[in-house]
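One chain, chain A, links the two complexes that follow: it is found with chain B in the first and with chain C in the second.
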Partner chain A sequence: MTWLSNDLVERLRDVASRPELASDRYVILRPIGRGGMGSVYAARDEQLGREVAIKVSNAAAPTDDLDQRLRQEARVLARLEHPGIVPVHDAGLLEDGRWFYVMKLVRGKTLADHAASLEHEAARLVVFERVAETVAFAHVAGIVHRDLKPSNVMVGQFGEVLVLDWGVARVLARTDRESGADHQPDGLIDGTSGGTRMGTAGFMAPEQAHGDSSNAGPPADVYALGALLFWMWTGSAAPPDLNEVSRSLGAVSPAPSRRLAAIVRKCLSHAPADRYATAAELMDDLARYRQGSSVSAHRETTIERAGRWLVRYQTFVWLVLAYLVMRVAFAFLR
Partner chain B sequence: MKKPVLGLLLGAVLGAFDGLTALATPEVASQIVGIVIGSTLKGLIVGALVGWYAYRVQSLSKGLLVGLVVAAFFAFLVAAMPQPDGRHYWVEIMLPGSIVGLIVGYATQKFGEGRSIPAR
Partner chain C sequence: MIGSAGSAGSAFKVASRLGYACAVIPFPATRRSVIERIRGADTEVRRTAFGDLAAGYWRPSYHYLRLHWRLSPEAAEDVVQAFFAVAFEKGYVERYDPSKAKFRTFLRTCLDRFVQNTQKAERAEKRGGGVDRLSLDFPGAEQALAELAASDLRDLDRFFRDEMIRALFERAVDDLRRTCEESGKAALFRVFERHDLAPSPDVSYATLARDLDLTVSQITNYLHTARRRFRELALGHLHSLCGTEEEFRLEARELFGVEADP
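So, the complex of A and B:
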């Protein structure tokens, strides 16, 4: 009796699990990754002669919840046309009736792998702001991501930043102006039922962690963005206690400034009402921070304000000082 | 406030202050009124030119350079006029004068209302 090698078993398993596409337009090349909801394969689009990525549901049956989620994800992605979101090219059914969708094949690293190369604050904030901008765009479109984390952010070869995995995204109901009634946009469902817990520990807002994902609105994404910012400085997931957040941020070297730490703390507030209402509000405060202005998350003392002014306009201050020193020197050298 | 107006005001104030520092020089203290008026006028002209440039061109480095060159040029004209004792105060006039130009150049680039880009 001959035993099969592990390598061969792995290859057989890979071939056996490859999806059977009904059309011959796409040729599956290799698996890229497998998540809880679906598997992603690199494939070749024979019609257009390019490589694409195909995400296939892991569901056992086409009627499964996972299959519906994949369909929802494809529809959400199709609604969100933004440079920070992977575009969907096509969608369809496998021979066994499960859903798949075709998207751009992104070459790059996840933020989890890329973060080590972001040494300086400015480089980290550039990546972070692109993530926040994408999430802000989604919020305006009435969509909440609900699972932002380093492995769901991809940094491409040319520095492009993409937010991935919208599989547990929630589509917010729109209120009809005339009737006042709430309704879901065409073809989209809310995405959760009460008591469902969705997200990733350490990046999940308290309201999600307590199983209230159906009420997780934009502030839940703001929490995750704060956790992402915390992770970019400390390399670890955010602790639930805000004092511990402050201690951890103060312990890293170089530590973020007080104003930036305050922005992180505001995002990580336990109550959604204490956070920024949307990712756009967070971005506004970050823009003020980067310009050297005061931020809404931090009430400055007079000394802090003076110090910030001196740093912001240090060229001006140095010029005035140089002038005064010169005048005094001339007076004494006479 | 428009940048040229800011340059004008700042140039006048700094020019007047620069002129008043002549009080520290006993040899010329008697002519202080003339010095302050002349220095203020010089500041007004430099401020207006530098402010106008800042209104047209948004570039900190170019603004600083223009401030330096314009102020140094006018300071040179003032320093070239011999004092009653026959001396020329080249360094004492040109060095602080040039720094005042840099200050006006910096301030007009950083602050004040610039030219709005017309919509096409």
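So, the complex of A and C:
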């Protein structure tokens, strides 16, 4: 009888598990990753002579919900042409009828692995703003991601930031003003039925955690973005209690400023109405924060306002002070 | 004779009968589980089912006895022979309750008890009297043991499972070789052997095509077919080693990575 080493057993298991594509355009090279919904493989596109990534659902049959979700994800991605979203090149059926889609092969690290190298606030905010910008773009296109978390953000070799895993994204219904009826655009379906819970604990908005994923709108993504920001400072998932959020942010070193902490708290508000309505609104507040202006999330005291004004115009303040010191010095010398 | 150690032919027939025109991992709906077959009234069916079991589990059992129980090669060989003989005679397997454990865990527990009892009575060699010994390749299993010396034995269930999968794949490879040769498609197995069974996994299709005097397109197609048939054969064998249909589904998904709806 043939003797198989451990390596050979693993290799046979790998090759026998690989999806069988109906055409010979793509040759599967190796598995890259495996999630709850699908598996991703590196493949070679024989026609164009380049490496690509192929995602295949883990469904046992084409009729499974998992397979429908993969199809939905491909169509959502195809709608979202943005530098922060992996482009889809092709889609098709496996020999067994399940869906696959072909996308750009992204080389890099997930934010979960990359975060340690982001020591300074400015570096963290650059990455975060790219994520928020991508999500804001999706919101404008009527799509809610619903599963934002560190492992779904990829930072590429050249600093590019990509938001991955749109498999549980919700396509918002477009209201037809003439008929008054809601309908899904371009044949896209809502990713979930009512009462389904989707997302990841610690990054999931309370309305999602309570099983109301089908009604999770842009504020649900805003919550997840706040949780992501919280995680970038603390390294842990956001607690449900806002007081605990404040305590945790105050305990890290260096702690985020009061205004930034207020932005995080506003994102993590329990009620969707208390959060930023969309990722774009959050971006606006972050931009004001970076410019040293007041932010909508934080009501400043007079002292805070004066301190911020001094910091913002410190060059001018220093010049005036220097001028005054020189005038006083000249007055004494005379 | 309880049954032949290699039931490759029947496994291949099963795989073919299951209709694998599609690559989705098929779950045979009509074939009875090994427990049902063993519990059945037909002696021949019972004997064949037991033969399938013995063929799939004898070597994991032998390695388990050698490494975990630290039995000598001769003692381990005797215990394996005796265990399957007595299990058949006394209907050990028929007592399996799927709600309590996986079938392979149940079988390993039976083996543990059997070793304890035989050690107490010091009569392992006397067990199984009146039943022909199975024709098993113990010297081959002993040679393979050297490779397993570094195995982690803290998780015995995992060790037993890994050994079962190894034996399963080895039987599937042997069956693939045999069926390819019998059907005049030896080139198909050669491609599989050179690419997927080679010590180094980095042989390019172009190199293989040049070496075997085939086109790259033929290499792609042959590999595709060989892998599919290998999987069919492995699944056929796996089916005969699982206690229930549900266990087979779960094991197949775990083995080849296809999940059920979460």
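In the analysis below, the second predicted complex is superposed on the first by the 328 of 334 C-alpha atoms of A that agree within 3 Å, B and C clash if a C-alpha of one lies under 4 Å from a C-alpha of the other, contacts with A are read in each partner's own complex, and residues count from 1 in each chain.
Just so it is clear, contacts are C-beta pairs under 8 Å (C-beta built on N, C-alpha and C of every residue); 3 or more make two chains touch, one makes a residue touch a chain.
It should be emphasised that the depicted structure is a prediction, and the values quoted were computed from it without experimental measurement.
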Q. Put the two structures on top of each other at chain A: do chain B and chain C fit, or clash?
A. fit
Q: Give one of first, second, both or neither to describe whether A:327 is in contact with chain B, with chain C, with both, or with none.
A: first
Q) After superposition on the shared chain, which partner residues are touched by A:319: those of chain B (first), chain C (second), both, or neither? A) first
(Q) Rounded to the nearest 10 degrees, how wide is the angle at the Cα centre of chain A between the Cα centres of chain B and chain C? (A) 150
Q: Mind working out whether A:5 is in touch with chain B, chain C, both or neither, as first, second, both or neither?
A: second
Q. First (chain B), second (chain C), both or neither: which does A:95 touch?
A. second
Q) Touching A:66, do we find chain B (first), chain C (second), both, or neither? A) second
Q: Classify the contacts of A:152 with the two partner chains as first (chain B alone), second (chain C alone), both, or neither.
A: neither
Q) Who touches more of chain A, chain B or chain C? A) C
(Q) Quick check for you: in the superposed arrangement, does A:248 touch first (chain B), second (chain C), both or neither? (A) neither
**Q.** chain B versus chain C - smallest C-alpha distance in the overlay, whole Å
**A.** 55
Q) Shared contact residues on chain A for chain B and chain C? A) none
Q: Within their complex, state which residues of chain A touch chain C.
A: 1-6, 8-9, 11-13, 15-20, 24, 27, 34, 36, 39, 58-62, 64-66, 94-98
(Q) Which residues of chain A touch chain B once you look at their complex with the stated criterion? (A) 313, 315-316, 319-320, 322-323, 326-327, 330-331, 334
Q: Within their complex, state which residues of chain B touch chain A.
A: 21, 24-25, 92, 95-96, 99-100, 102-103, 106-107, 110
Q) chain A touches which residues of chain C in the complex? A) 22-25, 27, 137, 140, 143-144, 147, 162, 165-166, 169-171, 173-174, 177, 196-197, 201, 205, 217, 220-221, 224, 227-228, 230-231, 234, 253, 255-262
